[in-house]
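In order of appearance the chains are A, B, C, D, E and F, and numbering begins at 1 in each one.
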């Protein structure tokens, strides 16, 4: 039986650190977008699994923006967390920071919002546990996730 | 010197075929989201390079939706094309279809809109060539890209 | 039950596009032969699967020639198609073209003829569907495949 | 000029999270040792780079023990930190925990002590910054690192 | 200056051992052809480099036959050697054996003949050292390589 | 039934040759430690499997020292062999040599001692066959393995 007790928002937090190696980069020495997306999806999946305690699948990327290039030799830190739960869907936010090991300087490089879905034993969507925000910041994130979802629904109705 | 002659919309089309192998999948035998995102970014990059004839970099994913799971052993066909050009930015659309080799049946699996930026010799954004739609469908795509861009700008101003 | 209806030669066509990335290349910035062979085998497998609608296995490479080096940053287009069917065996031809994204110039880089075998449910060779050439070019390819097969058989008898 | 100011022990801490995927495992579904070693070396390298703010190279693994098997689908958390500095050498400790996403249970899976060396601009060993332990636990780790180093030296003299 | 002293045939021998892992295989648990071709090309390249003491590039596969399937968990041993030298070209033979670790049984799985070309400092073909066969078997291999080359030339003239 | 006949020490020998490619290296062109550890573990596993004729798992690295850097473009030869057997445990030694293809010069680059454990059908440790040293050198290796094991046990008791 799955564990549907409400979970603290902080339970889902994931910190994933990667060293950018030559195969992650284009000929120009900059990490190529597809690799960063792959890492982002992995970090988001682990955050959603930590919250749901079930297998999860990515339903969509609502938005993913590259803010600055990431270079070979930099340390990349991805932080993922569940912002809000809507039945079987979870909005996960991922923030990516690149750190220059020569001086420790950090720079925001990528920000993404993804929707993942919890899967039951039959592989179909299953209700995820309720999310309990504790801090003011966590409540703010949940409110913004609700607003983003409403805007998304509105856009879809128009299309 | 770069070649800034206007280009036909059809020049940028890319067809990329992949056989889904075990390392592309999770333990459940389903291609994991991050791998499909990586392929999508590659296909989009090649479409943008074919149009711009310059190096390109991915600026953002405006939307990427998974419509159906992709399984190990299936043939995945990604089709990418530039929909519209805005100075140095290009909206690229990618459609992903999975084909069951046992019966040839095809199914839409993923749809994405990305913005890529053309880069000049100094690595900074550079004007991309104008896009010439020829068919009614290509004109329709360009109009929709303009509308999506306006909506995006409006959302960003609000945020 | 497998679908053994005769198939048009054009049904099997595959177009596979790859962006040559640093891990595909040697220290000299040239795609290493083994990687191109791997892509060639994948493209050939997908063409044979599209024709046979069964699992397939590569039996041999009859000939594979590199005509020009492929460089990091180039777009590689592999085109594969079934030329002829001999019981459970299929001759597949793969043509590899490298495209320079800076000017759109294309160059033939590799040409290969492979024999793949269709596999039945027990994993043993199974009759593949008949191939229907439609154009004059497709008939020419089928005739040449028969000649290559005869020459191969003759060489094998001598050895 | 490199930054040789003494650094707090906590500055070097790295948390690296990996989802164990099928290509990381043997046919038995267990992460193979070499992959875990690769991750361990990466985590250790990032901890050493964060302390030294210079390129680093792994000189040796003094001991690496697997305590429990790691399975496909588990979340692996590697924690690395510099224990002590000896001129240009740093002892880095890595602890690996596997988490079962179905119930959140965590289990110690691997523990390793590595020696890494800081490299100056010419690629030869260069003095690393002094390490400042702050907590009682950090002082304990530094003392034990000194003892391990003495034992290692003694063994080497005998050999 | 390159070292053009004649080399013994045995100097070029390479033994390359691989453990077949899940990512090397198709969903059926059998190493896919493209991976074995990649390994074959690597082994051939190392044999040619050992003989020529120059960078080398693969010009063609004259023939590559799969004799038996290779399974996940098996140990694959590839043996490569230069058979004969023709100016800047070298014929390299690769034999692939799969070993079942449960009983030590070995089985011939793949046999290939490749032509590689030695490259001078400017990246163009350069004369490779003369090959000195010592044993009767090595002389036999050289004679057969000459015959294969003559047959290849004859086929090419006809085409 | 497993084959527990005593095996000659030479039966377990493995020679594994790798060409160091760009994805194996850091930005500095030097093979990164984790990759060499991965290869070392694979070579050790194959040696242990050849001796035990059972699945094996790595229990620990007792010591692994890098003696010299390995560069992109070099040929790496790993030689592994079982030194001694202790019930279900085997001490495996791996020696890594890097060869410069430009002049054939070889250099010791890494030396490691690992303990691997044979696994029975239920996945639990199972008695491995006895090892029969034949040469004086093989006897010497077995004696040293016994001494290393005793020292390890003593250290563990102290800790």
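Criterion: a contact is a pair of C-beta atoms (placed from the backbone, for glycine too) under 8 Å apart; a residue touches a chain by one contact, two chains touch by 3 or more.
Everything numeric here is computed off the predicted structure, so don't read it as measured data.
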Original post:
What is the shortest path, in steps, from subunit A to subunit C when you may only step between chains that touch?
Top reply: 1
Original post:
Which chains are shared contacts of subunit E and subunit F?
Top reply: C, D
**OP:** Matching residue numbers in more than half of the contact pairs is the bar here; say which of B-E, E-F or A-D clears it relative to A-C.
**Re:** B-E
Original post:
Can you name the chain that lies farthest from subunit B, using the mean of each chain's Cα atoms as its centre?
Top reply: F
Original post:
Same residues or different residues: which describes how subunit A and subunit D meet, taking over half shared numbers as same?
Top reply: same
**OP:** Name the chain whose C-alpha centroid is most distant from the C-alpha centroid of subunit D.
**Re:** C
**OP:** Indicate the whole-number Å distance between the mean C-alpha point of subunit C and the mean C-alpha point of subunit F.
**Re:** 40
**OP:** Between subunit C and subunit D, tell me the centre distance in angstrom, where each centre is the average of that chain's C-alpha atoms.
**Re:** 47
Original post:
At which residue positions does subunit A touch at least two other chains?
Top reply: 22-23, 32, 42, 45
Subject >> Every chain pair in contact, whichever chains are involved >> reply: A-B, A-C, A-D, A-F, B-C, B-D, B-E, C-E, C-F, D-E, D-F, E-F
Original post:
Of all residues in subunit E, which touch subunit B in the complex?
Top reply: 22-23, 25-27, 32
**OP:** Would you mind writing out the residues of subunit F in touch with subunit C in their complex?
**Re:** 21-23, 29, 72-73
Original post:
Where on subunit D is subunit A touching in the complex?
Top reply: 3, 11, 14-19, 42-43, 45-46, 49-50, 53-54, 75, 99, 101-104
**OP:** In the complex, go through subunit E and note every residue touching subunit C.
**Re:** 26, 28, 30, 32-35, 37-42, 45, 55, 57-66, 69, 112, 123, 151, 155
